[in-house]
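One chain, chain A, appears in both complexes that follow, with chain B as partner in the first and chain C in the second.
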Partner chain A sequence: MILRLAWRNIGRNKRRTALTLAAVVFAVVLVVHMIALTTGVHERMIEDNVRMHAGHLQLTGAGYLEDRTLERFVRWTPELAAAVDATPGVAAAAPRVNGFALLSNGSASQGVALLGVDPVREGGVSTWPERVVRGAFLGTGEREILLGERLAEALRVDLGDQVLAYTVAYTLENAYELFTVRGLIHAPEPRLERSLALITLRDAQALFAYEGRVSEVALLARDSSRLDETSRSLAAAVSAQSREPLDVNPWPVVMPELAQLLVIDNAQNYSMLGILVVVVAFGILNTILMSVLERQRELGVMLALGLAPREIFRLVYAESLLLCGLGLALGLGLALALPAAVFMEGHPIPIRGDVREMSEMFGFTPVISWQLTAWNPALATLLMTAIALLAALYPAAKAASARPVDALRSL
Partner chain B sequence: MRRLAALGLATAFAAAAAAQDARLEPPPAQPSARALAEQVEATFRGEASFLDATMSVTSPRLPAPRRVRFQSWDDRGGKRSFIRILEPAKDRGTAFLKLHPNLWSWVPRVERTIRVPPSMMLQSWMGSDFTNDDLVRESSVLDDYDHRWLGVEPSHQGARAFVIEYRPREGAPVVWGRIVAWIDPVKLAPLRQEYYDEAGVKLRVMTLGGFRAVGDRQYPHHWSMLPLDKPGHETSIEVNAIRFDEKFDAEIFTHRNLTRRE
Partner chain C sequence: MARALAEFARSLVRASTWRLALRGLGRQPRRSAIVLVAVAIGLGSLLVAMALQYGLVAQMAETAIRTEIGDLQAHAAGWKDTAPLEARLLEAESLAALSRARELAGFAPRLRGEALAQSPLASVGVRVLGVDPEREGSVSTLSSFLHEGAWLDAPRRLAIGAGLARRLRVAVGDKVVLAVQDVRGDLTGEAFRVAGIYRAPSRELDEAVAILRLDDAQRLFAVAGEISELAFAARERGALEAPRAEVARALGPGVRVETWRELEPMLDTMIALFDQIGWVMYAAIFVAMAFGIANVLLMSVLERAREIGVLLAIGMPPARMVAIVVTESVVLVALGVAAGFAFGFAVIFALRDGIDLSAFGDGLRAFGVPTRLTPVARSGDVWAPLAVAVVTALLASLWPALRAVRTRPAEALRKA
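Entry: the complex of A and B
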């Protein structure tokens, strides 16, 4: 009965109802899309960073992140490799030796981070193999090295030339090896490109006298939203295989700067959303209040006829809820239909021009992507319900508290 | 680790405070810190010196200490020095030549010369707890630091010791925040040096002992370097022979000598 009354009431002033509905629909579409866009851009950033080098998860010797020395290592035995590969949720694993060396050619020399990678496994986790701009990625050859383009320039070497690597091995002995330049790589950062060289895991273990050991194992997860779970099963799987204590760290621990950046960005986006929601809430408050004030006489008559104030309260509330519910339904429908109509999902928008160059420099795919998760419509629904409940509170209370005599006399 | 460093810092402050009131008696005739530093430098390095020494590196990584025997020709005045490794056999012939401001290293096994860039100066020398910078110190204890008298410690390792502080001057090519040195008042030789970083954290301690007469001076024949940030690591140097005021052949400090085969 109240519902029917409410339905008729919102149907009475069609123009006002349409405008309010439009505000709600617009707000819903905006909420859903803003979050989808943020999520899309963030997920892309995470994925780019993860694939650049770090991986979703890293398996290291205990305490390696705080003290990146050769003393903290993982014994990369065939048994451990098998255990890692068999862990549910692990898509790929790449063992690495992270060392430091002086590369030298004639009077040119440069201190570099010397990275030993497994030529077969590395491509499963990171995009290093794709970042070779000249020459080829590491293979089965012995004593071959990949240099950052700028590093090769600084050392004045080209493909096929030799460079001398000079370092202190795990045994604290001086270690030297001549390497042949097999390829040049493009690194996301100029600074990194000047100070990074890749060799095979086998050569790195020989150079650093690091038999069977690796510094880290970078892992790519099948499902990046279930890292905790994968992390736990991995820790359980490897603990049985290793004599030394090991750490499993997810990317936010390995790359805290990125995690913090995303938190800040999220805070900004959500405060913008908050402001938007408040604006919409006032719009709805205005509509309902107007309709109540307009119907003072009518509500007075209803009270005089014996309708309880509680029921008047419910009536106004029902109107608000109906309005928001209708707006929500239309808004969600539009929000979900829109991306399908304009091919947003799975079709990122490419960026061009200067911004493209900049984002490539930092190693990001120059696209704006859009990603809808179940969380978006849920959040929109939650917000709209909250708005409907809050915005109707004052008008409903006002309508219910009116005295019939005053209400009738006021007109 | 950080907590440990903070603890070290707190202890250092406490020690400094204690030194202010109780432990240090007022100096009878306080020598100038600068004059002390000059005398110590003269005792310790001299103008031109030849050194034959054996270095032992202790590390949790190694089942037994790694021993490296080397000879060094140090020409302070000419800002040049030369070092050749004699043992272990694997590294025999490896040599270092410093011609200010460059440092070169010769690697006989691959027959290559490497120029060690300034950025590598704080890297370990031959796997020890000494750095390349310690080896061919660019900075001058006298010109790059201000010297300050801290007091007298009545009983440092059982004897009286002057305590002075070295603070780097503005813009000096120095890697330490400050150095505190304990000096034997009679031998005018360093007994202990503590190295602090710019944040005031004590990073390493060098102790010197085994004094023996060399000419008219008392020279420490045993040095030990303890890096405080690397538990279980220690490097000691036993001096086999030391000669001061040598007349060096200019041929020593050449690339030809660097790449010489024995």
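Entry: the complex of A and C
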């Protein structure tokens, strides 16, 4: 009966209800699309970064991330490789040696991060092979090197030229080697492109006196939403194969800056949604309160006839919930049916201008993508329920505390 | 149409229009108050949120500028396309040319290079920064981050970040060998003692930079009397063109002078993006509020159907009726916006000492974010919501105003 009464009350002033509904619908559409946009952009940022270099997970010697020196290593044995490859959830694994070297050509010299990569495995995890703009990726050749385009320019070398690498090996002895430039790579960030060179894992192990060792094994997971599970099975699988203690680090630990950036961005978005919710809640409060005040007499009669104040309270709550529920249903329907949503899913929009430049510098594909998850409608539902409950509090209390005598006399 | 518009404009300035509008709002003070509070809270909290976000970006930029970059930098032309040691300037000549610069608060010569830092236990690639300990303080705050030991107090000393000390496993007083390729292409090296360990607000500075005295760096790289960079502090952050022109004139052709915006385009873009984000945010909030405002106006118009009917019946021009409803909307929004500004700026003022972010500490430090966040409001935070509010007030009153004009006097009177 309460529902029927509530329904009738909502229908009493159709214009007012329509305007209130419009506000709720607007809020729901905004919530769903804002979160879908954020999720889409974040997922792409994560995926870009993961695929650019880091991988979803990294297997390293214990404490490697603390100092990133050659002192911490993983013994990359065929048994360990087999154990990693056989771990459920691991899609690909790429062992790497992370060193530093001074590269020079005559008097031009530049310090670089010198990465030793497995030419066959690397492409399974990162996009390095696709980033070769001239020449070719590393293969079976010996003492070949890939340079960032800007690095080659600074060193004044081109394909086929030689550069001298000078470094300090794992044994802390000086090490030198001449490499032939096999290809030039493009990295999104100009500074990165100037300070990066790739050689084969085998050459790196020879240069750094690092036989059988690697600094990290970057892993691509089959399902990026189940990294915890994959981490655990990986840790269990490798512990039997390694004498030294190892760490398995997920990408947020490997790239804390990215993880933090996403947290800050989320904080901004959710504070914005919070403000929106408050504004809409006031709109609902006003509608319900007006409808209660208009019905003073009617409510007074109901109370006089013996309806418990609790029932009145419930009635007002039913109105509020009904209004929000209706708005929610309309809003969700509209949000999901909006041509934008249908189109955006799977149609990233390219961005231009300043923002494009910035996202390229950050290393992101310059597109806006959209990703709808079950979380969006769930969040919208949660927020609207909260609005309905909060907004009805004052009018409901007001209605329930009406004194029949006053209410009847006032007319 | 033109007549109606003229009538509308005339009505807006009439006292009676305002009186009627205020009476309309005062009819249900509780209802008007709720909308007012909604506008005030929505606008006020958005102001605070925007100021906090901008404060974060502004502080990141400020930290980057103050820590190392400076307002302006000068390099030999073409420095971006060559190896670090290839583009050099003459130290004495440059300093002499700048001695009479009046637009600058300070300038500091630097030499940049790269080295392999070696301790008995580890080897790490580092960026070498040679600074003049006396002059550097006039541009950057590097020395203020000193955590342990002393700041380059004697020759053959270096200062490193706590992160680099950890990677090399060295402490104050330990020896570190810097192996480099000097300007002639010879591989060479020299031992330095760790004089001080600093804690810098950026991961790179903390983990991969070694700071030396300029003369030590010049000897190490065999570039006596030469520098690779001049960093400048301007008198005013906002006015960089005059000092830039002055520096460019003093140093002559062959030298490229750039502002921090050009040196760090990412920071610049992030700040520029804020104006666009601001518009979207304020617009979204005001659209949400427009429904509430329209609702109140419409209710007020419907309740006054009789009054409006009478007014129209005795010959009030419809344009004036529209003016009354529009005025009602404008007054409501204006009061809400005023309260919102008061609320928002009061909170911003209350937070002027910053919010403690040390709980986030380490992660944020990598961005160069200090551990206290201070909200910073800009002129855009005043005029963007004002512009959006005016549009909102007009749009929200559209339907109620038309509804009022369409009131048919006879019906309105009969009903009552």
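Criterion: the second predicted complex is superposed on the first by the 406 of 411 C-alpha atoms of A that agree within 3 Å, B and C clash if a C-alpha of one lies under 4 Å from a C-alpha of the other, contacts with A are read in each partner's own complex, and residues count from 1 in each chain.
Here is the rule we go by: contacts are C-beta pairs under 8 Å (C-beta built on N, C-alpha and C of every residue); 3 or more make two chains touch, one makes a residue touch a chain.
Model, not experiment: these values are computed from the prediction.
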Side-by-side fit of chain B and chain C on chain A, or clash: clash
First (chain B), second (chain C), both or neither touched by A:D67: both
First, second, both or neither for A:L30, with chain B first and chain C second: second
Which superposed partner A:T20 touches (first chain B, second chain C, both, neither): second
Touched partner set for A:L315, first chain B, second chain C, both or neither: neither
First, second, both or neither for A:Q110, with chain B first and chain C second: both
Contacts of A:L178 with chain B and chain C, given as first, second, both or neither: first
Touched partner set for A:V279, first chain B, second chain C, both or neither: second
Partner chain in contact with A:V168 - chain B first, chain C second, else both or neither: both
Partner, of chain C and chain B, that touches more residues belonging to chain A: C
First (chain B), second (chain C), both or neither touched by A:V90: neither
Overlap of chain C and chain B interfaces on chain A (superposed complexes): 66-67, 70-71, 100, 102, 104, 107-111, 166, 168, 172, 174
List of chain C residues in touch with chain A within their complex: 28, 30-31, 34-35, 37-38, 41-42, 45-46, 49, 53, 56, 81-86, 114-116, 118, 120-127, 166-167, 169, 179-181, 183-185, 187, 203, 265-266, 269-270, 272-273, 281, 284-285, 287-289, 291-292, 294-296, 298-299, 302, 360, 362-364, 366-367
Footprint of chain A on chain B - complex, ascending: 1, 57, 59-62, 66, 88, 90-91, 94, 105, 107, 109-110, 112, 114-117, 119-120, 123-124, 126-128
List of chain A residues in touch with chain C within their complex: 13, 15-16, 19-20, 22-23, 26-27, 30, 66-71, 100-102, 104, 106-113, 150, 153-155, 166-168, 172, 174, 256-257, 259-261, 263-264, 268, 271-272, 274-276, 278-280, 282-283, 285-287, 289-290, 293, 354-355, 357-358, 361-362
Chain A - residues contacting chain B, complex: 66-67, 70-71, 100, 102, 104, 107-111, 164, 166, 168-174, 176-178
